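Here is the structure we will look at.
By written order: A, B, C and D. Residues from 1 in each chain.
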């Protein structure tokens, strides 16, 4: 059951001109959050912007004694609400509703966990990596960005013991080009007998491409979709994606409560609007 | 203090109804909101058959409002009765079923089917969805159309019949009168305002459907005026809505003439709005020594405080 | 870059016109805004005789909008010509005179008087003021009324005649057609939406006039839709307005079909908005390699990007 | 000519639960401001609240070298916008348009200047007192409030050398009752040969009463009226008050450009809405 917390901003760390990490005091949300879940944040106190905005839970914050203190979100400035959040200062208060949505399902050893992130799609993977590593599962992160300056937070993953492969479209770091290339290479190098699951979050074309690569290698693949969301609770039907039901028939299904995490084979990619 | 109000023969514990299309089928909220504590739940607009609705993007935010073009995605009346109604009944929700049809016969058949279902308390006739052609808007924009569909449904069911009026007309009060004459038990208004938004960088509409319906606080002053106009035109109970976000807004609609209200867009922003609204209403009743909330309906005082001191 | 646009025979240097009733008689702003740098100034609605308007309070703020019930206070056409027009002429303003009457004869007489005055560039026929009974709204809400008043004024003047349409109707495009058939040179829309606000503590209307007109960003999505509908119905140049506050908003109206725009409420918030809007428009033209701004008018691309992948 | 300054908040000093003094960096406004003029302040950065709010210029702030630094406003929290201003913190920015309106006309010796303030109506009198004292004019402030706790800023006037008479409705300080009583007494005690001008700002009924007292003693009296203002520049006709023109004929005149300061005898008090 989600709760709504009038959360104090603990800090807002600007990583670049458009990325920041916003830390919110929200113990009631931190206590129950699972990897891949999200919060709906009110970006101002007035009625403009009116609606909340969805954000993956990036990190769980804890007090020294380990008790839950709050959550962070990894914010990319792309419009009105995310700009307001980028500019927020410590001490302000933001209404924060969560945790929401269907989480990732972390695999256990000997299954390998490969996380594939594009840009701000990195957000759900810190908590997923923690959950995987806590189970003893080996984790690799494939992380693609436009340029080296957009590759944020790699140290967090390194500290957790995650292996990292990086690509940039402009070739300024790691493999030049899209992340699908090094991913395909790596998948080809793994014996089919080695069980493995892919977890993907990023721009829709990237997720679609990765889902294709996964399918061609016969690997299970979970994707976390990003749709415009009015409510986050199943009330408005704004966030639908074309997905196949158990019988294989495609339907518009609500990504806020049926997702945001979906088995990639359920998604009718050619019909998914981005 | 008595917060209950009567919509025709139906007495509800308080005037706060979750607006159709803004609260799913109610069951989505059953774990976070005590459905029996609401005045009622107006479920998402239902056709006879399931519908997939419009291609996303389906919503876009605007200043103090939003546009939607969901296109009445829904599971159809039969699956609603089988899959959702039992839980609503169990949770003791007062259920307003919002129905949509392309023909009068479809409305009549929906009403018949719902009359036989256990746990339906009222039928809200959606003749005002602005963003699909088949959603009854042709009835809602024509006085004879409104009259005919309401009287046909009236004859087909023992449930209270509540046509939902569109604000996209010159004279909403005339539609209220048509509904009254046709035997409606109440009217609800307003549905959304036909509107649009354009992405200037791509020069394309922001909604795939091109147009959508405007809702939220932005429209409240127009909706209040329409409730006030209808109050003067008919004796029917009015369920008012359009931009309600605070207890003060609820009271404003009631003073203008509403017996009950619906809250839609604001419940997206705050799903736990219901107890806040009830607390605010109770505080107002205490402050103004109002024992019976329904006494407030239609009490707008329009005797001018100030006379024009100069011929204008 | 060419920002000029043509309203019939009248070419104005850019599409930004100060909205009637929101810029006084223009002269109030002459020291802070270079009037000749505007596309035009639509002066406050004028009757033949002076009027004192409504008893205050005359405005009230609403979410992202405001209500007004000024009641067309004004100095009358003769004092306007004697006291204000000379300064407007001297400041090289392009002057749109907004006129109001109770009868067709009054409109005709106003048009005649203004045709003889030096420095008037166009006549905007206010047949849409929502908050007075005599402000022509009876013409504006009736198709024959609109047709008759427009054609009578058309015959009485050589100046461009621009009826200003009300949004408080079911089908605004039919009024655009009536105006076109009657010989209008352009149409302007929207005037304000009839609306109201109530003080719940006193249970009185917040405006002495009870109802008022809603303007500001709140109404923009409805206004854009109406401009788009009219664009499809008529060939006349359209002057679009309703909630414009940024360069993006100007461009949105133009893409929807407006040749020029008016800015009202937002200029209350920022009296120096004009240069900001022009700068934003120029930046957009550079970014999109647009040489001639008027090429943008009506370029909305409604070819669906996404086909429905499932029958709905 | 007014200017619009995106002014930094220098400080916001809360005097009580509902009064604060907001200091704004706006040298371009401070340079030209005259006593009794006002500014239009945007109370938030979004579109809700949409309109600016009018505030008297309370004090002119100067740098150590005497050059103009900005202005303060004396803010009383009564609704949405004034609450936002009460809560504003140093460092925020507010759009501030001014100086606006017809100022007070300060008298010269031997004319006495009596300022009569009710509640937040104190706001225009600091700058007026300064201007008067700079001319050598003797200044008295009659200051009425509901209770002692609402009498703010008396020390500012004392430091300027202003004589102060105080009344409170609940009798908790000064003369019990309304300020008109001590004012009438004082006026009766002054010989008719002593020239004197009244300057009044406060709630409309109080200004009307004082205007009546002034008239009955045959004293000139300027009032600063407070109407809801949409634009502050003469554009919208929202702020009108019933006033007599030179010929004695009453008209609705715009208080933002024809006022806010009026000769009390011009106002048709019985028609003034409050």
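Operating definition for what follows: a contact is a pair of C-beta atoms (placed from the backbone, for glycine too) under 8 Å apart; a residue touches a chain by one contact, two chains touch by 3 or more.
Keep in mind that what you see is a predicted model, and the values were worked out from it rather than measured.
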| item | value |
| --- | --- |
| Set of chains adjacent to subunit C and to subunit D | A, B |
| Joint neighbours of subunit B and subunit A, given as chain labels | C, D |
| Chain separated most widely from subunit C, comparing mean CA positions | A |
| Separation of subunit A from subunit C, taking each centre as the mean of its C-alpha atoms, in whole Å | 47 |
| Inter-centroid spacing, subunit C versus subunit B (mean Cα positions, whole Å) | 32 |
| Between subunit D and subunit A, distance of the C-alpha-averaged centres to the nearest whole Å | 55 |
| Overlap residues in subunit B, where contacts from two or more other chains coincide | 52-53, 55, 63-65, 208, 216-217, 305-306, 309-310 |
| Overlap residues in subunit D, where contacts from two or more other chains coincide | 47-49, 251-252, 273 |
| Overall pattern in which the protein chains touch one another (line/ring/star/complete/other) | complete |
| Subunit D-facing residues of subunit B, complex | 63-64, 217, 305-306, 309-310 |
| List of subunit A residues in touch with subunit B within their complex | 1-2, 4, 42, 47-52, 95, 97, 227-228, 230-231, 233-241, 251-252, 257, 273 |
| Sites on subunit A touched by subunit D in the complex | 44, 46-49 |
| Residues on subunit A engaged by subunit C in the complex (per definition of touch) | 47-48, 242, 250-252, 268, 270-271, 273 |
| Footprint of subunit C on subunit B - complex, ascending | 51-55, 62-65, 67, 71, 141, 168-170, 193-198, 200, 202-205, 208, 210-211, 214, 216-222, 224-225, 228, 243, 248, 251-252, 255-256, 284, 299-302, 304-312 |
